[in-house]
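Both complexes shown next keep chain A, but they swap its partner, so chain B is in the first and chain C is in the second.
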Partner chain A sequence: MLKTIIKREILEYLKSAKFLIGLGVTLALAVGGTVINVQDYRARLRDYQAASQELKSDRFYIRLYRPPEVLSTLIQGRDRKLGNSLTLTYLSIPSGTSGYMGEGRSQHNRLVSGFAAVDFAFIVRVVLSLMVVFIAYNAVSEEKSSGTLKLILSNRVPRDQLLLGKFLGGWFVIMGSLLVSGIVSVILVLSHSFIAFGAGEWTRLGVFLGLSALYLTVFYAVSLFVSVLVNRPSASLMLLLQAWVFLIVIYPNLGVVAAENFYTLPSQEQLAQQKAAAFQPYAAEQKKIQEDFGRAVRSGSGVSRELGVRNVELRSLQADLAYQVDAEYGRKLTAQADLARVISSLSPAVLFDHAAERYGRTGMAGYERFMREVYRYWQQHAERSKLIYADREAYKKAPPIEFRVPVESTDEALAATWLDWLLLAFLSLTFFALGTTVFLKKDVR
Partner chain B sequence: MFKTIVKKEILETIFSYRFPLFAVICLLLIPLGMYVNQANYAKRVRDYGEQVRLADKAASALSIQDIMAGTVAIKGFRPPAPLSVFTQGFESALPRYYEFTQEGFRPGESASDDESILSVQGKVDFVFLVQMVISLIALLFASDMISGEKESGTLRAMLANRLPRDTLLAGKTGGGFVALWIPFFLAFLMGAFVLMSSAFSLGGGATARVLIILAATSLFMLTYFTIGIAVSTSAAKARTSLVAILIIWAGFQLIIPKLADMTARIVHPIRTETEVSLQKSLLVSALDMEAAKELGRQYDFIFEGAPEGTADDEKSPERKKWEGLRDDIQLRARERKAQQLAVIDETYAQERRRQLSLAVNLSLISPSAAFARFISDVCGTGELERAKYLEAVRAHQKALDNDLFSKVKRTLMIHGGGRMSMGFSAMPVDPAKLPKFSITGATIAETFKANARSLLSLAFWLIAPFAYAYVRFIRYDVR
Partner chain C sequence: MKTIIRKELLDHLRSVQFAVLLTAAVVLFAANGFVFVQQYGRLNADYRKAVAENDRRPSTTMTWLYREPSPLLFLAEGGEKASPQGYRLSPKLTLSSLPARPANFKMPAIPELDWAFIIKIVFSLYVILLGFEAVSGEKERGTLRLVLSNPVGRVRLLAGKSLAILSSAAIPLLAGFVISLIVVGIFLPAVLSLATLARVAFLAALALAYLSLFTFLSLLVSSLIPRSSLALLVLLAFWILFAFFIPDTSGIIAEKFSTVPSEYEMAKQLGPTIQAEVWKRIAAIQDRIKSGEIKTEQAILDEADRAYEEGQDSVRKLYDDYDNVMRERAGLAQSISRASPAALFQYAAESASDTGPKAEARFLRDVRNYSRVYDDYILKKVGEVVGTSPWSFSSGAELDGKYINLESPSPEEYTGDRSDFPRFSESRSSLVDGLRDGLWDIAGLIVWNILLAGLAFSAFLRTDVR
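Up next, the complex of A and B:
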């Protein structure tokens, strides 16, 4: 019986105009979006290679670059918006990145909006979830209003089997749509010679598709529940569309507003004051060192070893202390964003985005990891810069310090997102259970 | 008869399940959105004030040594647009300031890059709510106005009396729209009250613009309502019209604007900003190097064999000859650099204009995109504002080049054997007399002129569906 119901549901959906139109639109956007994202990735890769070639470091100005992520062709996240380059000296550590030529320079660019792109993640988050609502809003209510529900149940069809059959039938159709659009997108990405996926990328892609399936299941469960609850199809559709807008856009924003009001962040002037106050105990000594340094340069007698080394130490310390103030500010911004996410954790879209960016390595986690390595690199560079005065020959011969961009493994990404999976599964099961409970007692006459 | 039908439609809508739902959504979301955006605006105004004050302080302490060292970057800040409480538009994407240096201007960080997490999830502003929520509700309200009455049998009962079809259609449209508009208008008034009670100033030209926003939004709602009526007259069943309006809504809101942008990027791909900046940077380095070598050559030629100290003797004929030649070489180098950079900028600007023009023209198929463009320009957060900002930046750079940067000359020379030397000359500068950066916003007339295509699209979508509905309904089978 269950198989018959599932088969019937699948055939009905496949023949319906709304499914065919929805799938057509999904594929059109998937193709167009992927083509553009691949072009965009190629341009960013070219920029990265050109910058690495043309804008090299010298001993004083160190330029560090963050290469574009290959999975940003499917999950753009913030990869495009967060800068790819920074320049440091022993005198300063930037707290943020910029474009290769300094464009879009920002002091604290942790929280950059990035929802404009039509990437595959957008298609899942917005287009497919909307398609799920359109497909499922009248799964039960249409049958009730047309009278076929009571005819089916007048036979020996258990209600729970009927509902489960409807659920699975529609679910297979939605998963099929997800799979088709996913395969098309991946084929388009891999058809370019400059893109290759390793084992890590394939694993993360697989995990991302699993996440997408769970995300869509939540919306399907919600749609089925509302369809069971409300007798009129038009009423269930109106309710579902408002719920969709609320869950995808409004609720996440409310979380952001609440978090912003909870945390008060210091202004730019307060940050500048904090930096000055942190260095205050050393300010008098630095002033004296600067004067002695300037006198030594003007007199032509040369800067003594002790004076030179102490000058570098104090300047580096000043940069380090300023960086600590910026880093603390950044931690508060991150905490604010985390609070916003916690408040909005019942929004499937928020859970999906957080996990998707993690798997695509296009979110804040990868960026913060890069910045931590930048700081570690700077410490080594500052230490080495003392050799300018301590031992100039050794300084000239010292090999360049290696900078390796760290990457998060798939296991680490999964460990960081297990709660997102749990909450999405919880939402799916809850709404399915609610739908089943209501349906078991529903008056179908 | 018309008044009776209007009254009937208003009462029927008010007593249906949909009306209280819509009223709650409007009365909750619109004032809330205004409050949130107003708080965000107030924060940006405070930040703007502080940063202008700090920048003015830095500019007043400007010394000629800073300019000579090339460490001067004068900043020009863009004030936040007051009407961004209605629509964010490009407000968060535009640079908050530009830096002006001897090498030209460059953008600073944008508002979305810094400090506030309000930009994280997208912009829930008044225009977004109207586009995504109210437009959908307008379509839903109208979708079963004709087909629903046909299914229930009341349509033929009404038309069995001496009721002209056109009167019935006009009455239904008018009455249904009025019932929809009243809660929206109340919510708008509440939102305006929220703004005014937060000491938000609606003085000057802002009041006229707010009234334009109200009028345009009302017409936008009417547009979607008539589209819903047109769909309803095309369908025999309410269910069919429901599916049709969903497809239309998704198409207008999500698909057409995205597809327009995507098509434009595929048809007219452009280079990245980085590529262009790098090209300019390499060009500038090459031209500077060429000029430095030429200067070095001329310097060596003039002062070769001259007694020691001749180069420092302002009265020596060699020095006078050198200064004339130096100024001439530097002038020609500057002009050549400016001309070649202008060619690169103009080519890139043309590429972007072509792409943008195609994207805009395609997106105007959607009345929603046309509405958003128009309202953004009315609020000073649209494409027009971006153009005015850039115009002001270019004018200010030119003014600073005349009043400040031209007072300092740095002369880099590369002599035979690769030896380099740098000379400086500077004239006194009074920082208090430097021009202040300001942007002249677009007038209402300019806004309307620039949005002629958007207004045409909206007018089309307002009139054509109603005309279509009229023609269809005259022949509609009511049995």
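Up next, the complex of A and C:
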């Protein structure tokens, strides 16, 4: 019985003009967006490779680069917006990355601001979720208003089976559309010779598709619920579209506004004061050493070993203390962003975005990891720089310190996003249960 | 005609869409007002403090030029928060931009909740929701036949419908404007000047032009596609295309198609090319000392100064070129996104509220003009204008066993009376300037209106009403 209902539903959908138009629009946008993103990835990759080859570190200026992430072609996240290069010396550790022109100069961020990405994640979040609403808004209300619901239920079809059949029928159609647009996008990405996915990418892509399926299921369950609840198809469509705008556009925005107000951040002035206060115990000594150092350089007499080593020690200590203040500030930024996410965590779009960025390695988590590695690297570099005065020969011979771009494993990404899955599943089940309850009690005349 | 409008308007006003739109407008515009009040208060306090600080220590080596926060940020923010707060100016027009007030870059990237955004995204969608059924819905219900069996011209009917849709959107819009202005007026009465209100009126006119083109689009699609749910689907596809797809991809497309070098290519010239150039010349000085070509210490210092100075000039020029390149590319991205009426409206709204790239470019012009005044002042006080760059070079040479320290020259601080230090002031743009800046975008909106209205009317005239 269930099979018959599902089959009938699927055929109905596949024949409908709204499905064909919806799928056509989705595919067109997915293809357009992916082609653009792949071209962009190619340009960023080329710059990254050229920079690693040509703008190399010397012993004083260390240049580190953050490679573009291959899955950013599908889940762009913040991969484009966060900078891709930084320069450090034992005198300074930058608290973040910037464009190739360097901190304070690069305008890479300014010019992409306002331009969000149209990637596959966008297709799922906005376009497919809208299509889900369109597929499901009249699943029950249409049959009721056209009177066929009575007829079906006059047969020996239990109501729960009918609803489950309707649910699954539509669900398969949606999953089919997701799969088709996903496969088309992935094929487009992989048709470029400079892109290859490893096992990790395939796994994360698979997990991402699972997440997308769950995300669309939430919208589907909500749509079905409204369709059961509201008798007029046009009214249920209006209600759903308004819920859609609220969940995707307005609610996440209000979450950020609220977090900014509830959680205040220290000002730049306060940070500067903290940095100065942290270094205060060493300030007098450093001033004296600077003077001695300057005198020694100007006179040409050379810097003594003790003076040189102590100078490096103090300067790198100052950089380290400043970095600690910046790092603490960074943790506050994270806390504020987390608060925004918590406030708007009932929006499926917010949950989806958070987890998707994780799987694409294009979110904040990957960036934070990179910056922690930068700090570890700096510690080694500062230690080595003492050799300039302690043992010049050893300094010259010391091999360059290797920098490894850290990556998050799929397991870690999954572990960090279980709550998003749980909440999405909770939302789906809740609305499905609500829909079923209302349908079982519904007056079908 | 009046009857049609009244009937349609009453229909809309009783609909769920209208109630939701009204609520959404009230919530969004009130939130906009409160957020602006807080932000502007902070921005303005920071600005005044920074300017006072700079006035306290006039200097001939560097001075800080701050940009006054616009009191119209709540109309269209236009990326102002991410643009520099101002510039640190050193002699010879050496500019370093003062980073934008640090926003939390870890926050999810969400658009600024300004008037332009609310109108551009939310109201355009609601116009579609009000209008998609206008023809196809009546056809489905069979009322269109009935209406047209009365002595009502089709043109009049459609005009009446479009006016009714537009006014149903305009009422919540007006309510939203008033609420936002009340919030701003209560907390920041100084902001609500007559000039501000004139700009608000300008923006309101733009909003109507923008929403009316969506009205015509809805009527066009509704006349062409007899099934109202399909008509809505097609309209939503247009909405996504206009509001998201075109504006959001234009940045990347501009990068792809612009002929200007990428940021990396610019950066590549900076390090190896220019820096190496300076060191080569310093090495050449050492060679010339060895060969006996340069004999005195003064000659060595002069040579080194010249090498450094020219190196600095190249660095400055490269940074200037870079800024121009980035601006050019942003301009190209804007031009591409103008294919979407939503972008036309956004840029016109920025012109109306004197924010965005054009306002920023004007500030930079002011800075450049001031730089000449500043250099003249330094010349008068110090006697020479020595340029700097964000890079300083330092090296050494040996002459007859004596070590000579070669540092790049830096500007000299004048310690005498500085009470005549020139003050920096920003030029302000008038409403007429705003109109002129936004002329092409306004023209674009009008063209869209004419085009879509023409198509909508001709489609409706041909539509089979049975």
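Heads up, the rule we're going with is that the second predicted complex is superposed on the first by the 432 of 445 C-alpha atoms of A that agree within 3 Å, B and C clash if a C-alpha of one lies under 4 Å from a C-alpha of the other, contacts with A are read in each partner's own complex, and residues count from 1 in each chain.
In the analysis below, a contact is a pair of C-beta atoms (placed from the backbone, for glycine too) under 8 Å apart; a residue touches a chain by one contact, two chains touch by 3 or more.
Note that the structure is a prediction, hence the values are computed from the model and not measured.
Colleague: Have a look at chain B and chain C on chain A after the superposition and call it: clash or fit.
Modeller: Once both complexes are aligned on chain A, chain B and chain C clash.
Colleague: Looking at the overlay, what does A:Thr4 touch: chain B (first), chain C (second), both, or neither?
Modeller: neither
Colleague: With both complexes superposed on chain A, which partner does A:Met364 reach: first (chain B), second (chain C), both or neither?
Modeller: second
Colleague: Is the number of chain A residues in contact higher for chain B or for chain C?
Modeller: Between chain B and chain C, C touches the greater number of residues in chain A.
Colleague: After lining up the shared chain so the two structures overlap, which partner does A:Lys18 touch, if you call chain B first and chain C second: first, second, both or neither?
Modeller: both
Colleague: Which partner does A:Arg298 reach: the first (chain B), the second (chain C), both, or neither?
Modeller: Only chain C is touched by A:Arg298; chain B is not.
Colleague: Classify the contacts of A:Gln273 with the two partner chains as first (chain B alone), second (chain C alone), both, or neither.
Modeller: A:Gln273: touches no partner chain.
Colleague: State whether A:Ala235 touches chain B only (first), chain C only (second), both chains, or neither.
Modeller: both
Colleague: Chain A residues touched by both chain B and chain C?
Modeller: Shared contact residues on chain A: 17-18, 21, 25, 29, 32-33, 36, 39, 43, 47, 50-51, 54-55, 99-102, 104-109, 111-113, 115, 118, 126-127, 130, 134, 138, 233-235, 237-239, 241-242, 245, 249-250, 252-253, 256-257, 259-260, 265, 268, 333, 336-337, 340.
Colleague: Please name which positions on chain A make contact with chain B in the complex.
Modeller: Listed in rising order, the residues of chain A that touch chain B are 17-18, 21, 25, 28-29, 32-33, 35-36, 39, 43-44, 46-47, 50-51, 54-55, 99-109, 111-113, 115, 118, 126-127, 130, 134, 138, 142, 233-235, 237-239, 241-242, 245, 249-250, 252-253, 255-257, 259-260, 265, 267-269, 333, 336-337, 340.
Colleague: Which of the residues in chain C come into contact with chain A in the complex?
Modeller: Result: residues 15-17, 20, 24, 27-28, 31, 35, 38, 79, 82-83, 96-97, 99-100, 102, 104-111, 113, 121-122, 125, 129, 133, 137, 227-230, 232-234, 236-237, 240-241, 244-245, 247-253, 255-256, 262-268, 270-272, 319, 322-323, 326, 329-330, 333, 390, 396, 402-403, 405 of chain C touch chain A.
Colleague: Provide the residue numbers of chain A that touch chain C in the complex, in ascending order.
Modeller: 17-18, 21-22, 25, 29, 32-33, 36-37, 39-40, 43, 47, 50-51, 54-55, 78, 81-82, 85, 96, 99-102, 104-118, 122, 126-127, 130, 134, 138, 233-235, 237-239, 241-242, 245-246, 249-250, 252-254, 256-257, 259-261, 265, 268, 297-300, 330, 333-334, 336-337, 340-341, 350, 353, 364
Colleague: Which part of chain B faces chain A closely enough to touch in the complex?
Modeller: For this pair, the touching residues of chain B are 17-18, 21, 25, 29, 36, 46-47, 50-51, 54, 92, 106-110, 112-122, 124, 128, 132-133, 136-137, 140, 143-144, 238-239, 242-243, 246-247, 250-251, 254-255, 258-259, 262-263, 265-266, 269, 271-275, 277-278, 281-282.
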